[in-house]
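Note that subunit A is present in both complexes that follow, paired respectively with subunit B and with subunit C.
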Partner chain A sequence: MSNALGAVQARKQAPQWRWPLVWVMLLVVSVVGMPAAEPLFHWIEPDARQVVYDRADFYVLLGRHLLVVGIAAIVTIVVGVLAGIAVTRQRGSDFLPLVGQLASLGQTFPPVAVLALAVPVLGFGTLPIIVALMLYGLLPIVRNTLAGLQGVEGDIKTAAHAMGMTPTQILRQVELPLAAPVILAGIRTSVTINIATAALGATVGASNLGDPIIAGIVNGNMAYVLQGALTIALLALAVDSLFELLQRKLHSRLSAP
Partner chain B sequence: MIELTRVSKRFGDETAVNDISLRVPKGEFCALVGTSGCGKSTTLRMINRLIEHSEGDITLDGQSIGAYDPVRLRRRIGYVIQHTGLFPHWNVVRNIGLVPRLLKWSTADVQARVEELMDLLGLPVVEFSHKYPHQLSGGQAQRVGVARALAADPDILLMDEPFGALDPITREKLQEELAKLQARLHKTVVFVTHDMDEALKLADHLVVMREGRIIQQGSPLALLQHPSDPFVESMLGGLERGLKQAALTRVKDHMTSMGPTLPAQSRIPVNFSLRQALSMMLRDHTDRLTVVDQHDVPIGDLSLRRVIKEAQLDKGSIRE
Partner chain C sequence: MSLLDAMPTPRIRWKGRHPNVVLVSLSLIMLVAFWAFDVVSMAPNRIVSGTGYGALEAFGWPGTLLATLLLVTIGVVAWQPSHRHYRALIVAVVLLMVLMPVGLIASSYLLIDPELPQARLGLGAAYWVVLFVLLLCLIEIRLRLNLTRFWPTLLLCGVALVWWLCAALWLDSLALVQEYNARNQLFLTAIGQHLRLVGIAVSSSVVLGLLLAMLMRRYARLQKGAFAVLNFLQTIPSLALFGLLLAPLAWLASNVPFLAQLGVSGIGTTPALIALIAYSLLPMVRNTYTALEEVSPDTLEAAKGMGMRAGQRFWQVRLPLALPVLLEGVRITTVQAIGLTAVAALIGAGGLGTFIFQGLGQAAMDMVLLGALPILALALVVDASLGALAEALRPGGAQ
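So, the complex of A and B:
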């Protein structure tokens, strides 16, 4: 019976992988095959001498893009989730409104403004864009961590307490697992937005997939803009669909198997 | 044994529990009854220190609860709440085994104990082990809740309106099972409810609370016979009191031995209550019943006059 069950589950799970695979493969194809698409871009931009961005290989740009987004994501996840946990504890509850407001403030600041303010302090390059992404990506994570933790039913927490679980045990074994889907949704929003926002880094000298876009705008070369935008879009779709997959996995683990 | 001496609890200016004293001897079933907001749940939660009391003394087996580490204290006390508070992301086995695992029992011991409890509470292991709380009916979920509370074999069991959210039929079934369980396990139970019938059915000791104070306490029969004021009387059902009292009195104590007359047609088992006897008389349009033992062998007579007379006689002396 377990074999039959396994087969059914395998059949059910197969389509879950389909979209992430499609997007990742399209991304790889576009990154590797960009020079091969030269005739297509000639057709779009017949007057330009150069139609495929070649100041850096696309996979290098992709790698740098991922690095920037990745570093910002790790820092925001750690800071955001920890802040969310801290202010939902009894001792930190005084700071609950403050943290909520600070996180919102971070997102009302346009990333461009953060860049403008950060460059004089941090100089040109990768650091200012990481700071901008961190500020910008913090809100969804903090907000969802708060919503997730506050959404755990009072009865469940009371029972956990009354059974003799310590606060740390309650947090790790009850609250975090139950809040995980909501927190993950926040991380997904944050990372996906930041993949697009990271392109702004090109304006302050952080070389990434924003480079072709900026170069294209400066030189009036639509083909460059398209190449950058297409790759960023595919990257965002690939990462987003991977997160969706992760959410589904988590969901099926939390509810009945 | 649980003992509360002149205990009060204040939340700011508001007094939730006002100077109550209460003693629950080992193995006794004590029910706290009252309307909502009377402080009965607060009283319960002070015993396992979910709420710290403001004044007075609470002792377990003679030792003040302040002397215990709250976490250790709670692991020694079973706790059941109305909406079960089961962990939705854990299956039945994991939920029941929570406290033993907290106490670092071996995996094999936890497993054996969980199966023993599932058996005790009528949850077939094969069927329920791997179910999750959302796959259970209200009654099944509360069985799991009770099993979880009993898992580490605590001496004390606190129950906060455990059957309040169940439909009447399931509620009655679980009440009966709890009574049977208690007859076997002899836990020291404090049971909070607003349902007087439930309290009368289960309790050895009944405590009526109102606005944070204890209005009256005693055995259910004593309260039925001598309610101390109109509030207690209305809680006990006003005119229905006679029937409630009859429900607590066994046929056994009121029957006469078999007379020379022909046995009556209607038969009642000896362990039934006078209330059931009265109901049977009304149903069968008769004023006489034949009392039978568990093998359906006639052993005595019960007449309507006997039922009424005995009930009147009881008024003078308190019997349990």
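So, the complex of A and C:
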């Protein structure tokens, strides 16, 4: 009996893994096999001598891109969620209106402008793009953490309190699990936007997947632009579908009896 | 009363009064920044990076004392806030903002050697931090006093006017002003181009978005496919989309003379506009669709009961009720387009991004600021004014 149930569940879960796997595979294939596709790019750009970007290997560029986005994501998740938790506690509730306003205001800062303002302070290189990504990615996370924690019903918290839970226990065992889907959605938005925005770092001397695009625009070589754009789009789709998978898992865990 | 209300509230109390902790800590941050960081920097010419000066050297004793007193006042008044004290706080904050360019004038007399005509004054970290925190103070006071956005915006416009006057009349040595004076004609053209690109992109995406949303409401199968395509478009980095449009458009322009006559070319405005519209469509269509769908069926039923025809129901009931959410979409789209147009400068579309990328290329940071600051200001102004419009159009009017 339990075997049959398990089989049904396994069959249901199989398609969930399909899209993330497809995108990750495509990403790996495109990164490793980019030089092999040279004839194809020759057909796109017949006049150019060089058709495959070769100043750095694509997996190196991909690694740097992931590193930049990853560092920014870790910092923003830690800071954003902690800030969201802090201002929804009673001790920090004085800061709640300001932080809420700031979270909605922050979306109006264009990433290019943030990047341009970070360069005079931090100089050229990888640091300004990480800072710009952190500033830009922080606000969706703070906003969603606030929305998620405020969306937990007061009755549930009261019940937890009446059961003898301490405020820390209420936060960890009641509020955060209930707010997790909304917080995760914020993290997904933040990371997906940042993968695309990180390409701008190539304009301030940070080497990543934006490099082929900039080189292609400057030299008028469409093949370079295509290679950079394809890899970034595949990366964004892969990460996005992984987040979707995570959200589904979370959802099924929360709604399980 | 719930149990949580009965729990002891651990708040900071002082002699029974209830201090505004936010403003007090903001005031402390400003004091620390004012005394610890460089207030201004002075460079003998455009290329050399400047040397920083603290508050005492830049403003002299009287100016430093005045600024410190005002900053302390904000903290002290916020210890026991009342309605009247909040109004006094607004005055203090606005006074500080108005005094900021005056301080720069003072330091240009104190620091700049008249023998060096190329010498230029840059704004130091303390200036930016204090300005940013003052804006936060203003937001906090607005929230505490429950003011609408109108009065703070008006005050900020006044402050901006004072800054503009000071910059135009007395601040020739400020690096930003020097960069502007060197290319004021170019700057105005760039702003014009920027606004034109954003205007065309947003207005066409409003029309296209409305059409697409109405088609989606009619043909449900279209909805899934269209959203999938638009979602996919958003994952392509803006930089790449701009680049990818270069080749096909250049090919079209060289092979179809009619299109070339229309101004289609691989570089410049056309690819920029296509990419901008493509990006603008997703937020626009999503909000338009939700706005039209969210109108309560009861209201529409009532309109039907009153004998309204389908067209009347759409134009006189559904659309007006959907307008605030629709405007929210226009706001998001416009703010996003203002930022993306800056990237379009890379493919020769002009606009304020030109200064950013030229400045980055020449390592001339003041030129980067000349491009970035107006973009930021533009985004904030559009955000505030469209937000206020949406608030005013909400059924029942502004609250």
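Following the convention adopted for this analysis, the second predicted complex is superposed on the first by the 255 of 257 C-alpha atoms of A that agree within 3 Å, B and C clash if a C-alpha of one lies under 4 Å from a C-alpha of the other, contacts with A are read in each partner's own complex, and residues count from 1 in each chain.
By our rule, a contact is a pair of C-beta atoms (placed from the backbone, for glycine too) under 8 Å apart; a residue touches a chain by one contact, two chains touch by 3 or more.
Source: prediction; values computed, not measured.
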Touching partner for A:174 - first (subunit B), second (subunit C), both, neither: first
Which of subunit B and subunit C A:158 touches, first, second, both or neither: both
First (subunit B), second (subunit C), both or neither touched by A:226: second
Partner chain(s) touched by A:185 [first = subunit B, second = subunit C, both, neither]: neither
Per-residue touch tally on subunit A - higher for subunit B or for subunit C: C
Touching partner for A:101 - first (subunit B), second (subunit C), both, neither: second
Which of subunit B and subunit C A:166 touches, first, second, both or neither: first
First (subunit B), second (subunit C), both or neither touched by A:73: neither
Subunit B/subunit C common contact set on subunit A: 155, 158, 161-162
Subunit A-touching residues of subunit B, taken from the complex the two chains share: 48, 50, 71-76, 79, 81-89, 98-99, 102, 130-132, 134-135, 148, 158
Complex contacts: residues of subunit A adjacent to subunit B: 153, 155-156, 158-166, 169, 173-174, 177-178, 254-257
Residues of subunit A defined as touching subunit C within the complex: 44, 90-91, 94-95, 97-98, 101-102, 105, 107-113, 116-117, 119-121, 124, 154-155, 157-158, 161-162, 192, 195-197, 199-200, 202-204, 210, 213-214, 216-217, 220, 222, 225-226, 228-229, 232-233, 236-237, 240
Subunit A-facing residues of subunit C, complex: 2-4, 7, 9-11, 20-22, 125, 136, 139-140, 143-144, 232, 234-244, 246-247, 332, 335-336, 338-340, 342-343, 346-347, 353, 356-357, 359-360, 363, 365, 368-369, 371-373, 375-376, 379-380, 383
